[in-house]
Amino acid sequence: MLTPADLAVATLGPCRHHSPLRLSTVEGDGIGNFVPDDTRVLCNIEHRVSQPGAGELSFERAGARQWLFFDPPRTKAAIVTCGGLCPGMNNIIRGAYFELHSNYGVPEVLGIRYGFEGLNPRAGHTPQRLSGEFVEQIAHVGGTVLGTSRGAQDVGTMVDTLARERIDILLCIGGDGTQRGAHAIAEEARRRGLPISVVGIPKTIDNDIAFVSRSFGFDTAIATATQHILGAHNEAIGVRNGIGLVKLMGRQAGFIAATATIASAQVNFCLVPEVPFELAGEQGFLTRLHRRLLARGHAVVVVAEGAGQHLLGCTPQEFDASGNPKLGDIGTFLKERIKRYLEEVRVPTSIKYFDPSYHVRSMAANCQDSVLCNRLAARAVHAAMAGKTDVLVGLAHDTFIHVPLPAVTGSQKRISPESDLWMDVLAATAQEKW
Amino acid sequence: MLTPADLAVATLGPCRHHSPLRLSTVEGDGIGNFVPDDTRVLCNIEHRVSQPGAGELSFERAGARQWLFFDPPRTKAAIVTCGGLCPGMNNIIRGAYFELHSNYGVPEVLGIRYGFEGLNPRAGHTPQRLSGEFVEQIAHVGGTVLGTSRGAQDVGTMVDTLARERIDILLCIGGDGTQRGAHAIAEEARRRGLPISVVGIPKTIDNDIAFVSRSFGFDTAIATATQHILGAHNEAIGVRNGIGLVKLMGRQAGFIAATATIASAQVNFCLVPEVPFELAGEQGFLTRLHRRLLARGHAVVVVAEGAGQHLLGCTPQEFDASGNPKLGDIGTFLKERIKRYLEEVRVPTSIKYFDPSYHVRSMAANCQDSVLCNRLAARAVHAAMAGKTDVLVGLAHDTFIHVPLPAVTGSQKRISPESDLWMDVLAATAQEKW
Amino acid sequence: MLTPADLAVATLGPCRHHSPLRLSTVEGDGIGNFVPDDTRVLCNIEHRVSQPGAGELSFERAGARQWLFFDPPRTKAAIVTCGGLCPGMNNIIRGAYFELHSNYGVPEVLGIRYGFEGLNPRAGHTPQRLSGEFVEQIAHVGGTVLGTSRGAQDVGTMVDTLARERIDILLCIGGDGTQRGAHAIAEEARRRGLPISVVGIPKTIDNDIAFVSRSFGFDTAIATATQHILGAHNEAIGVRNGIGLVKLMGRQAGFIAATATIASAQVNFCLVPEVPFELAGEQGFLTRLHRRLLARGHAVVVVAEGAGQHLLGCTPQEFDASGNPKLGDIGTFLKERIKRYLEEVRVPTSIKYFDPSYHVRSMAANCQDSVLCNRLAARAVHAAMAGKTDVLVGLAHDTFIHVPLPAVTGSQKRISPESDLWMDVLAATAQEKW
Amino acid sequence: MLTPADLAVATLGPCRHHSPLRLSTVEGDGIGNFVPDDTRVLCNIEHRVSQPGAGELSFERAGARQWLFFDPPRTKAAIVTCGGLCPGMNNIIRGAYFELHSNYGVPEVLGIRYGFEGLNPRAGHTPQRLSGEFVEQIAHVGGTVLGTSRGAQDVGTMVDTLARERIDILLCIGGDGTQRGAHAIAEEARRRGLPISVVGIPKTIDNDIAFVSRSFGFDTAIATATQHILGAHNEAIGVRNGIGLVKLMGRQAGFIAATATIASAQVNFCLVPEVPFELAGEQGFLTRLHRRLLARGHAVVVVAEGAGQHLLGCTPQEFDASGNPKLGDIGTFLKERIKRYLEEVRVPTSIKYFDPSYHVRSMAANCQDSVLCNRLAARAVHAAMAGKTDVLVGLAHDTFIHVPLPAVTGSQKRISPESDLWMDVLAATAQEKW
């Protein structure tokens, strides 16, 4: 259980430099305001009148601070992108560069190449010095111009590099593993007495960062996923007893599958890791699918890649370079099992299998994600310039917040089967009706 | 100043019918829960530790109720769409139909034709009886399949029609004027002792509904507007001293202009109704534009249609059918003034003027708006079935809420020049720097 | 070798009804003209001056005829869609309906359900009577609203149905198998002395119809395929020695792979069925890929599903319901072989595999395909009304033509390795350079 | 009347350098072939059997030549973009760069800044030296990275610059005025005995280049225009007697309006410059519109900007910087006249006016245009390397051709009212029926 202390943000020390941003400290003067450090955003904004609530937990609000730890003209910043692709990484690189350089006047911003590997000299990746020309057009393409990599690097080596390069600020765009790495860097720097600000910008195509309502790239991923679902629907209704089966990203959390289900409004069964299901039996998925087919003549099934792993019977767990367990392929498994089952019950069918895989994560950010990325990047820079460290910036309840890395890494947001989202999925699919 | 009483939602009476939805009242049983009526969502979720806050105001949380006022099999519902087009109207019609019919079991759902006019028999518009077949494909197109109209109708006549047609539930999709009309209908029904639930779903392309963080269609509008801005940017950089000038919707509130400015990250001046500006003088827009051109060789200007009206010198106000004051055309005015000014200061230029006008509002909802529409529609139905009336459903802090119509109509959300949004615009444009 | 006689179009008999279309037979009067039956379009439009050419072959030009075989008010038409989905099927259904009904005045147009199966009464599919309301919105969605099926039906049974239903015109939208079926129907009708016009509209996502330069849906397929290629490119450049591997449709002909390669301008190796390749050896694909990786640090590979089948060593051919041989999965085969090879030569890599499969064929037609579909549909109707039969309409050299079904079925257009298209692929990829 | 001599392409002299491209001169060896110089493509590919045709005219076929005039390692090329924006200019710059540099081995390719102005030293624009890095991402954005300008420059001055910079090849991307300029440069170079190859790539958003069936950017323009038409349709059907009025580009030629009309299949009246119309009278546009409204309750009108100029009564012609006559604004004129007329006949209406203007030309090329641009660029380079000059490359009958500039400039392709295209417009709109 978190306590208010867990949500207290670390800082490098006293802030002695006045911000160059033309903001005000007076409300009502028509000029935007610096955010005082004691502005808080409630974690829990709902309560029942009949059950007077705890609700003491709150986040530090993100935004520009009046006093900075770093003196902008003497500050050197670096940006690193880690892990898998996610729409918007380039937007954040671009946005952070312009906020640092044009708005704060930081003279030098480095792009670390190929993730944390770029902080290991043995990998031989020279950092890219960022410029307006270099970043100008990058938001039109997906991926990351800096390159990325998976897996951990030696923390001491990375901090050596930061010290040697005299980097004051490190912005870390990456997922849970990356943020654990960022935390380790921040701790090691603190241990050595190096005043380096480490600020995370959480990247997860699965939208599964704790406390963060919407992570960047998620909207774009949903839009791409929904295209595939609509294609699957077209295939399904095109033939008698047609089935469109779509496997979507979502290892531990089915947010993409669930949200795209609601967006498309054409899904009949949505299977996610958080809600276990069986194949056989009266309430089993195959039986329900059978009943649905008999009643309606077609069906669209969406399955998150991490759903139904217990059905695959894979025991000896393997792990990938990022330390994630390797998953069995639930998509082709379901395709085979559906086919076999329907042959047994003598329902002629035609199953069309869609596996968009990397398609949903490798596109350029759409408009809504561009907005989010530009806003996140600015706030990450604000936090870093004020000497915040070991912290990430995120969006909660439509407001930007700071969350200490130790409070957020290692835990993961998942769909609660009692959540509004899941109720909306069940209402949209009627999957428990059959 | 609002009091908690102002946010209390009206109901038609005691709820005696158990909801047919398969939800639970027990947390932790893995089944989604009915929302107790006393669940509240805080209006203000931020505070400063040093200034212990008022923060007593809260909204009723939207969602499915365990007990219904209406007995679904004996309920008749109607949907009406009013005012200008907005992406997502068809999604809401579709979503509300399926929630009413498939999930609650309401046998008959009418589509009122051409807005409130369709409740006036003299206009001669027969309601459309909705069916699965009728609504199936409508979400793929913009506009409203039911048609719309502007302007008020006699309240007595409309309530006569509702009574004669034995309509129990009226879902009103429309803007501020429509919600005022919905309130009048609810009041007249109450006066006559008619148990009719009137529930509003606020529609505003300008995203200017008080308390509501994001109204449906806004994301789609931003995406379309951003396309035009990128086009204007391409035109501007294509020639020496090129200027791309884009006029966007936004009569009283510049949310489209401001958000599309952040999304595109290519705008140099963003002019909105809420932030007055002058043309001439050292700090005037023309002078700043001149300086920008000299420094960078091109500029992109975005102006909301309601900005700078004082410059147009139009005094005798005219009003349109919805009662909105007619605006002068700031776009062509600026185009002419920029041209004349740059001729005077002998800067050869080429101005390309973009006026997307109805383009931004007549497209089909994008994926993110589809999600919002489907969720809003379900919650409007939940509210109505539970006998809520004189209320609208909206999204606040990422949560769905009920707001009594009297608390929300007549006021309008506008961009505060001290808001985060405007600070982000200034950071993105650097328009005060020149 | 085709002779001019092979390209002579069959007709049902003399045309005694004047067309109701308001066209003219006089050039220069400013009114569009009926197409005389002896208007021909050259098959081969190129020659070398030094090699005076054969070039006698020509196609009958498609278009509205002055005299019709059928009397529109007494004509009954039917449309059938067969085989796999292809973008634009709904546009053709819609376009043919409006041309028949609104322009010619044909009172009844039937939509045959689920392909040729719908002409077999035992399958129990009642035809859908088309109306303006039914077809109005269908072009916004992919697939076919009529449904489709694969495989042959008994010709006698199908002609029995046409005779019993008094169908005068049958428009057959489908691939090579469908057009063979259409030819069989036309022959059987002729044998029985039934004046039924059978007109084909060739559908092939692979663009592999002989004589036809561009079949409908192909542009849309390319656009979708190109999205995946750009995603693969983003993945490939995102990591050191990244490889993006994309499998695209194309069983016998690699037009999608080749054209999307040129469109994206980001592909380094394009493998198609028409151009054999080996894996091993100095000139082998794996060796070249290795050299490319060493030189550039990333690679994008596009492979058509029918490419490299000899490498898979599958001998005992199986066939699907349409009679097409089942293919081995070259995509996952290549993925495994690349992985193994690069491990052997100790090049650490990361392969991202994209298999868009049905995504490229299940989307709604884009704008350019909408134009083509509307124009094809009108010409199919013109041909049918004039009593042409056993014929298809297609686009050749930017002109619409009639091709007798016997001349076109059974043969298939393929990429010549000496063609302009393949030279453009080689120029775009430089794949023979490594 | 053109003679075969008019279509003979000028060359700089004998070709003594063997092409570095790995092509063959033998058909059937499985290797793509160099195009012999005497390969011709027929101008007219249709004839009537009863009227044995003239048909002697033919174009030189474009493509790679075996022997080159220029020795690639000693060649210097330049690219210039002139006139208004058009989707695909950046694709052509990119494609030409890679063909010149990577495929032919030309060491230096310059990008001339701001059109022909960049060849006038007094304008002070330094050429941009192109590189792979510079052009890599440019195809993702619209416009031209080189900049453009309108209007003529002194020919002698431009040739002086080419001579001083030792430029061997000048690729001119631009419209009719640009190609006239290119011709003048070629003539002046010839007069001075300078072996400079001048090759045009015709750019016209209006698709009005003589002999060229489809110019680059046209497909993209149609797609954007069609979006607006669909929006106008949504607006029109949303209210009683709604009218959606869309003005589209097309000064002398209405190809955009006509093609987008067929694409959208939602237009009721399409007005183009080539087909005169009157407002009043039984057959007048206003009367027909009135009848349509009474019958159907809504209407969509598309008007090309150059249509109906005689109605505007503008006599003293003004000209813009490119020498084009300034047009009166037919869009707002029609809007006012429709409004006034319907008030007179007491039909309450609501007109929504769409003026996409520069939107249709400033977007990035879509997939189909990317293919065309890449293929055109390669062929322009092939022509230039072989010493062709005073020539443009274009697409005719789906084949790439060379057309001497004198044969093509000054004339303009327009829609014939007797063409297939216009018949398809009339069939789609039924606009002559009312």
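Order of writing sets the labels: A, B, C and D. Residues in every chain begin at 1.
By our rule, a contact is a pair of C-beta atoms (placed from the backbone, for glycine too) under 8 Å apart; a residue touches a chain by one contact, two chains touch by 3 or more.
Keep in mind it's a predicted model, so treat the numbers as computed, not measured.
More contacting C-beta pairs link the chains of C-D than the other of the two pairs C-D and B-C. Of all chains, D has its CA centroid at the greatest distance from the CA centroid of subunit A. Averaged C-alpha coordinates put the centre of subunit B at 41 Å from the centre of subunit D. Centre-to-centre spacing of subunit C and subunit D amounts to 28 Å, using the average Cα coordinate of each chain. The geometric centre of subunit B is 44 Å away from that of subunit C, both derived from CA atoms. The residues of subunit A that reach two or more other chains are 141, listed in rising order. Subunit A contributes residues 85, 114, 141-144, 147-149, 227-228, 230-232, 234-235, 237-240, 352-359, 362-363 to its touches with subunit C in the complex. Of all residues in subunit C, only 137-138, 140-141 touch subunit B in the complex they form. Only residues 21-24, 27-33, 36, 38-42, 45-50, 58, 61, 63-64, 91, 94-95, 98-99, 102-103, 139, 213-214, 219, 222-223, 226, 259-260, 262-265, 366-368, 370-371, 374-375, 378, 397-400, 417-420, 422-424, 426-428, 430, 432 of subunit A touch subunit B when the two sit together in their complex.
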